[in-house]
Every structure is written in structure tokens, then in C-alpha cells.
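Single-structure report; data block below.
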């Protein structure tokens, strides 16, 4: 099967990081990773999301022509998720959504760690909308720009992440950590190792959950809300 | 003061209908009505909304340069509402949002009547997100395309609306009717007269509520979530 | 149009302060400010509210005879709001309700600052009932009697307000401040200036929202719950 | 112990019916049944409740002087319940509240049957406020005035009640019936017998639950919200 | 009447402590206190609950044969509560459930104090399920094993309880304390005395509430969910 | 990897049907399907669930010794799910839970079809607890015993299922169907074909989601609530 991974921002470096994470968890699925191409350097807030939305759904439309079986939107705020579902035949997930679903299955309460304060309320609203108001015990920011997270081999970044994660997990009384930014994808294995609790990267688990939905013969319902437009 | 009214779809006829409704309720405010210009004929579903979003926020950016004091997004699904807030200094409302707020103040429970079935779940989700899960007793569709509503002088349309409204109000036990489509704006006075209960047109009340917020010296908070991007 | 503003407590000084705030935001509307006359010096808790309730609805009944177009209940706990709606033809709002509606439109999350600890749970319950459980991030008390707020020209009061407001806004991560007491009405302009975020005084915005509802031709639904008694 | 039962309306006939129900379930407790004395013939809607509220809390104040140990507010909309709690040392319950608590313990979902349509939204809002939003599956009206229920020995009334109750229980899929009007108190034994499911009369169970709270040494917390006024 | 009290764990000492508390509040009811007999020393977490569940419902089945009128499950996590209801004719309550119901009637917000951290999320989920999400302001652990609470005459235990209770009540802004462990039952009178607010022991109040339900002629609905199996 | 599938009831025929469904979607995973062995013929209600719970967690304990990597509880009411999580190192899911998660990703609202009326409230409560209160639009029963579903090759059963499914989907306005009984597992492909919308069998998708969690290196958090008992 073929999975199109759409990075709503236009950082090619980040798109490659993301694709690598996807490939690290499966060899059953071809990964076709693309930027949305809407001209947004990184999605930091509602405005960036509004600008990037058309790019995301256009990459889905293009993917349909190319025979893609499923779509992963690789930004933790799940940019244009429902618009993408309307345009796709196969299943569509966002990485924020995928990570929250997985987290709710592995512990009694999770914390989300995102890059910037501006994303906190977006992720809180998404958690409520997906149904995880009672499971999501807190959303916290690292207080650093998304693109700084690309330098994933900087040991100081990992140290900072570990300390911040420990603080917010203790504060919230959480049992699982959700990485609330695609830029953190490469850190998942090391963070999980360091923290001793499940650390969820939506890129990895989203890839596998979409693969599962396709293998089970499932697809996006076209009965009404996601029926093809006009 | 100057209010920019942004019609997310590109129907000039509908934009003029909308502007007329705005002007019918106030002469304190200059109405600057524009199409989003994103190439969407009418917003019917999530995909159309994703395509139109960038146009909406760009019309806000443009409005800021022109000195607009407030913004009304004239589609009942409140396309790109939060992105628009991030880009504006003055207050921003969507007509769906404005109508639901007003409806919650005038009766114990309201019903929303929209054009197409595809919008039902969008409006339900918006109602929940604004806080009106307990106040919104039902969202129902007329089952007709948005653009057909432009022919507002057809008496058969009004008859159909009245009959459908009475049915759904009785079914839901509602006390107020919300018009869930900008295309219904011209029908508000006749519908309210015919039904004998408050009928809320978000175009009219949204115009006046934005005027109120500006006259009270209020504006969009720039403290965090709606702080200007980059 | 004519707006009757009903102060549930019997402080004439506070009623005048309130009327002045109403008049400061509009000259379209005649302000008829009255005390409830139920013999309560200030509304501090549920018991005071129960005593004052009959006075509030009787002032509405009286206002109907005098041709009032709308009613504003000028106590942040919105004393007898629904009883007043049942007795009125025009729209009725409470200042707590008005302020929360406005606050939910201007930022992602608001904090309410009230006078006394006894009001905190009342305002929390009202926030839930109006639909703002997710928008209201905290209700906090100044820990001072309502009537002490009448001395609005004391610079120490403003200083105290500013410091307390900054503390609770930071603690809650709020983006908008709601003044949860009519006695704070005169402080709104200075507080908003000092805090750099929208500060909502329900007296001011309630006056304008009621004016909006009347100008839009809207009224309290008489279909069922608010139908005239007996 | 001594229980003061306060009928918010001023029907002496109904007060006696209520007292009889109280006495039918206990002989451990002295029943002191009084009318609120606020001049309301029957509580049918929000306005009546606002008028009656002061009477209810004054009867509590009087009861404190007389050494009453607990208070039952004998109207299904629990008029001035929280104001009464603030004035009382002992526990206070409303019959609507008492019945909903009991109902939630005896089946998976209950239906409330009240006298008039005007009370439906009041009882729905109370159910939400007490925490029974998920347990209360429907509130329905008999569509008859409260005072007509006084003629409790009319067999046609019982027949009408049984048929209406069966209809709404089936419609809601409920497992327990709550009587949503004090005027129905005498019908409880016959209705429970006829319907074959638990039928809850808040007068009876409220009397016993208050007796339980007093026997357990419990009382209304005076820590903050219900601390004595001024 | 005869009340069977089922201690889900197999500590005979604790069962006797529990029975003593039951008897301390009533002499109207015969107390038949038994261990579940499922081989669990103390219920600390979900696994223990799963192991104990069959024992609890079997003790109910046995009680039916013995003519018991009601059942109290004497573990704060209300082990197998719904299964027990299905097997019983009379009413069934858990002590956690009973205590939360009572607490919601006596103050605006309660705190639960339990023995171990592992029970916190269980009690939070139960509070949500019973409807007390808004009333339960916090669940906190003493961080000590359940069985250590048996040594109820150790004055150090009471001191520790008082200090911990004061801390969490202040932190949550609660007005009532719920004892979230059967092992705390003997401490209720002293704790209530020391704290000056209502302290709810579900053993005591559960006994009396069940007695109330039986005296009112009520029973578990057999209409559907709790209909007898097979 | 090795997945232990635990059928809470003791029907060997059904266990084999379930194992077949698991194997039909993956050949990456060894399927070890067992009955709970608690002596329950089929789980129909809360009592059966309480009896079966110990068997389910004991099969997990046994599985741990055998090196199982994950556990699927193959009853739609997810018997003893949290107790199983506490005992397992790897991830654990119930088929009801798995199906609801998948359904929420594929359409705006789903309907659950279960075998017996007694399961309806159990599944509704589970939906709320998992977070799907807004996504689950209805739970309906086929009104037939679970074990009758074993005769999966009877064409009349399929016809009956299709007609009932169409009715409830239309009634709820749902876009996805969840099979709320393990006994329906073999019908999924034919039902999905006939209905033209996604039909979710928790056995199939649960198998694949657990495989995903394990392949992503995730496991049950042992930080607190699911820490190993004593």
C-alpha cells in the first residue's frame, strides 16, 4: 500500500525527518512524503493553519490521482484534517489525533508537550473534539520555535526535553507523554528510554494505524459529511 | 467605524445580499463587503472550507491595512474564524457564532436550519465548541443547494422554509430558530413574522454585536493564542 | 429605545455608578436605572440572591408597564435572570452573562475576578450553565466586600486590582479578564489600559448587546419556557 | 428530630397532602409542613420561582429559630435550594433533587414526568446541575395545571398518569420514573404498582434522605459558599 | 430489615470495623457483614477489583436466598456495583457512591481522600460516571496501604489524616471531605470534629441511604439493564 | 509477535470464529485465542461481566508467563479491560474500544449494533468513558441472544442484520457502523459490502491496532494506575 504523508509546512528538512520516522516502523507501506506547498515555513498558530489548509487538501486530491491508499497529516494540530477526509477515499489521520488515540489506550491520562505556547489552546481544543477531554491532563509548551527542533542531534535539546517532560508529567500526574510537534519525531525512542513511560510520536503510530485501517478493508465514509464535494 | 464583511464564497450576488442585511440594521457603521476570492462558489462542507480559509484570512490582512475596525465572516460554518482573529486587531465573529450566542439569550433551546445535510455535523461541532451543546437542540437541513437560496423573492422558497422550520422546531421543542446559512439572510423578517418566535440571522446580529464590541473599546486579545504570527 | 437597568441590591450609589457606565457607551438608548428594592444591601451569596429575586422580577413587571424595551440585571451573579425573561417581552441579560459571552469572543480562555469568595461557585455554575465551562479558566475573589468597591477613585484599589488580576491571569493562562462584580464597573478603562488585554465590564457590553438585540428586532421567545405566567 | 417541609406555593391543601406523604414513610421524625407564604398559588415556571424564593428562605430562617434539624423544599424545581442551604445549619434538599439522586441508584436511566410544559427546561437544567445529564433520559409534561393534581382520588387522573408514564418510559428507554411535581405525591404507591418499575416521589425519599443525613451527624458545610450571610 | 454489607477484600478485621460503623448509625436494620471471599487481601487497583468481582456478586446471590433487603459494597471503588444490582431485588449501593451523593448535597464541591495513589483514577472515573465530575474537585492519596488503616487507634494516624485533609481541602477549595477508603471508617467522627466541615464516611451514610430506599418501598429496576440474567 | 485473544465467555465455537477473524487480517502475528474459563456461556449484562472478570485477568497473567506481546479482549463490553492492563506489560485493548476508536476516525458519527438490549447501556457508558459521547449517536440491539449469532452462515441472519442496520443508521444519521458483539465478526465483510459504509469489527481492527502499538515499541504505562499489583 501507499501512504501519502503531508507536512503542512514547507520545510523539506522536516519532511525528510518525518518520512524517516514513518519508514522506521514499517516496510509494508510505501511512504510518499510531501510538503503542503502553501508557503508556510512552520505551522505556529491558527493563521498559519488557515493559510496551509488549501495546500493540504490539494495534496490529497493529487494523491487520489496517484493511487494513494491513506493520508497522514504530519503536523500536531492536524491541519485541515476534515477537509482532507472529504477529498480522500482511504482513511486520513493527523499525527496529533493518532498520538492522542494511542495515548488513551496505554495509561490513565496523558500530557502533551508541544513546541510553542501558541499551539497549546489548539491542541486542547482538538483533544476535546476527538473525545479526550478527560484523558488529556495537560498541554504544555517547550517555548521554542518548531524549526529549532530540526537539529535533532543536539544533545542539549534532548536534555531540555527530558527535564521539561519530567516536570510536566509530574505536575499533571500523567502516565503517558504525547509529542505534540512533528519536529520531535526523531526524539521518541530516546525520550521513551529516558522517561520510562510510553512516549507517543504521532508520525510513527499514525503510519501504523493508517496501515491497520487499510489492511482491515476500511475507508472514509462517503455517506454524508465526507461525501465528495460537488 | 468600518466593518469588513467577508463572504467565504465568491458569489457576488450573495455578498450583496449580505451587505444589504448588514446595512438594514445599522447606519453607524460603514459596511465593506468582499468575497474571499479563493475560488469557491459556495461553502458546502469541510473541503470547501479548507480551500476558502486562506482567502478569508488574507481579506482580514488586507482589511487591517485599510483600517477596518472589525470583521464578520459571512458563512454559517464560520470559515477560518480563529485564523482571522489571529490576524486582526479588532474583534472578529462568524455569523454562525453570532447567531448561536444571540439565540442562547432569547429562549431555552434553539434549532439551526441550514441548507445542506453536509453542513449539519459542522454546525453541531461548532455549537459544541462555542459552548452551546446544551442550548442547540437540533441542526437540520433544507436539503437544497446554498446558491438556490439567492432567489429570495420566490414565494415558494418562503413557504418551504416556514413549513420546514415549523416541523423542526416542534420536533426539537425549540424556542428560537437560527438561520444556518448566509443565503437565508433576506428571509429573516418574514420568517420571524410567520413563525411567531425569534428568528436569528447571524448577518444582522453579528453586525450589531461587532459594533457593540468596538463601541465598548474591546478588541481581540493578543496575549497568546491570537498574538500576531511571526 | 429605553433600557431598564436593575441593580439587585439597594445601594443607590452603586446604581448611579452603573447608570453612568451604561451611558458612557451609548447615547442611542435611554437608561432607566433602578434598585430592586428588596432590601438587600449587596448581593453576596445565594441567600441574598433568593431575597432579591422577587424585587428584580417586579421591577421588570413595572418596566413592562412603562414601555421598557430591554432589561439589564446589574449583578454579576445574574440574579433572577430567567424569571425576568419570563416577565419581559424584550430581551433580558445579566451582566455576568453578557461579560462571559463577550469574553469568549475575544480570546482563548478568560478569568473572572469577583469581590468575595462566596460568589466564586455561583459564577462557576453560571459559566457552566451558559455554556462556558471550557472557556472560563478560573474564577477568583479579591476577598473584599462589594460595597468597598464603590470608592472607585481610591488609587490603592486600582493598584490592588491590577496586581491581583495579573496574578490570576498568569495562573490560569487566560487571555481576557471578566469583571465579576458590578462594583468594578468604573475601573474597566483603567484596568484594560494597565493589563494590556481585553477587560470586560458586563454593564457596558450588556447595555450594547441588549441595544443590538432590540435593533435587530429580536425579543424573548414566548413559545414555552418564558411564556407569560398564568 | 424535626423536619421542616416548605411548600413554595401557598396551597394549604397541597401542603397537607405533602405532609401526609412525609409521615407515611417515617415516625422517627416530626414533620413541620408550611407554605412559603410568598403569595404564589402554584410554581409554574421561572417567574413563580423568583417570587417564591424569599418566602422559602424566610421559612428556613424561622425554622432555625424553632430548632428544625433539616429542610425539605417540596416543589420539584427545588425553589431557592441553595439560598436555603446558606441559611440552614442542618441539611437541605429539594424534592426534585432527592428523587433524581434516588433514581440514579435504582436503574440505568430515568424519566421525569412533570405537570406542565413550562417546567420541562427547568428540570432538565437542574438535572444537569446536579450531575444527572447522562442519567436523565427525558423530561415530559402531563400538560395539566399543578393544582388539578390535588384531586388525587379521581381514578381518571391515575389512568391518565399510567398511560402517559408508559408512553414516555418506552420512548426514553428508561428504567425508573421520577415524579416531577409535588402534586403527584399521593399517586406514587399506585403508580409503582401499575408500572412495575421504581417510581420515585421526592417527598417520600427526600424525607428519608434528610433523616439519614441528620442521623449520620452530617450538616450543611459552612466553609464558604453556604457560610451564613453577613 | 436486613442489610448485607459486602467487603470486597478478605480482611475479617476490616469487615468487623465496617459492621461496627454500620451499627453505630442505626438499630432499625440488621447488619450482615461478610467478606467477598475471592482471596484478595485488599483492593488496591483495577486488577484486585477484577479478581474480587465474582465474590461480590456471589455474596449477593447468597444474600437473596437469605432474604436480605439491600446490599452495601464496602470498598470505596464500589467493586462490581452494577453486577450486584443485576443480581439483587433490593437496592444496592457502593460506599464510594453513597459518600459522593451525600457530599454533593452538603457543600459546593468535595475532595476525596483515599489510601493509595493507584485508586485515584478509579475514583475520578467513578465520580464522572455517577455524575459528579463538576462536584468532585480533587481525589488525593494518603500514600499508605489500605490495611495500615486498620490500626485506627493510633493517634499518629489521625494526626496524619487531619494534616493531609487540611492540605487537600485548601488546595481544592472544597467544602466537604469524602473518605475514599473503607479503612478510614472509624476516623469519621474525629475527623469531622477536627476539620469543622462535613466528613462523609460511605459506610455510615450508605447504610442509612439503603435503609431509606427500602423504607420508601423502592428496589432495583428489573426493566432492562438490571433484569435477572438468563 | 504473539497476540493473546481472550474470549470472556466459554464458547469454544465463538473463540474459533474470533481467531479466524484475527488471522484473516494479519500474518505478522501469532494468534493465541483462549476462553476466559470463568464458566460464563455468554456475556449478557453486568453480572456475567463480574463473573468473567477474574478469568480474563488470569488469562493475561498466564499470557505474561508465555511471552505474549499484547492482549485483545474479545467481548464488545470490554470485560475487565483495566484490570487486564494492570497485569500486562504489552498493550491491551477490548474489541468494543478498538471498534469505537476506528469508527471515530472514518466518519462524523457512528452507530453501534449489539445483540441484546441488556448490553445497550453498558456500551453507552463505555463510549462515554472512552471519550466518544459525541461520536456515538446510538446503540441499538438486534434483540437476539449472543450465541444465536454463531450460526453465521444462515442467510436469514445476514438479511436481518442488513435491514436492522439500515434502520438504525438512518434513524441516528450515522456514517459508520460498529458491530457491538464478537458473535458478529464473520459478518463484517458482507455487511460492509451491503451497506456501502464502513462497518467496524473490533476483532479485526483490534488485532491490527495492537500489532501497531507493539511495532511502534509502545506498551502499557506502569507509572501508576496500571503499575503491577503488590
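Labels for the chains are A, B, C, D, E and F, by order of writing; each one numbers its residues from 1.
Criterion: a contact is a pair of C-beta atoms (placed from the backbone, for glycine too) under 8 Å apart; a residue touches a chain by one contact, two chains touch by 3 or more.
Chain-to-protein mapping (UniProt): A, B, C, D, E, F = Allantoin racemase.
Computed from a prediction, not measured in an experiment: that's the story for all the values here.
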Starting at chain A, figure out the least number of steps needed to reach chain D through touching chains. 2
Return the chains common to the contact lists of chain D and chain F. B, E
Note: of the two pairs C-E and C-D, more contacts are counted for C-D
Could you classify the chain A-chain F contact as same or different, where same means more than half of all interface residue numbers appear on both copies? same
Could you state the distance in Å from the CA-based centre of chain A to that of chain E? 42
Could you state the distance in Å from the CA-based centre of chain A to that of chain B? 31
On a C-alpha centroid basis, what's the spacing between chain D and chain E, in Å? 27
Touching at least 2 other chains, the residues of chain B are 108-109, 120-121, 128, 134, 173, 224-226
Classify the inter-chain contact topology: is it line, ring, star, complete, or other? other
Output every touching chain pair, sorted by label. A-B, A-C, A-E, A-F, B-C, B-D, B-F, C-D, C-E, D-E, D-F, E-F
Which residues of chain D touch chain C in the complex? 38, 41, 44-51, 53-54, 56-57, 80, 82-87, 117-118, 120-122, 125, 128-129, 224-227, 229-230
Parts of chain C lying in touch with chain B, wherever the complex brings them together: 25-26, 91, 93, 97, 101-102, 104-109, 130-135, 169, 173-176, 189, 192, 196-198, 200-201, 204-205, 208-209, 211-213, 215-226
What does chain B use to touch chain D in their complex? 108-109, 134, 173
Interface residues, chain E side, partner chain A - complex: 120-121, 128
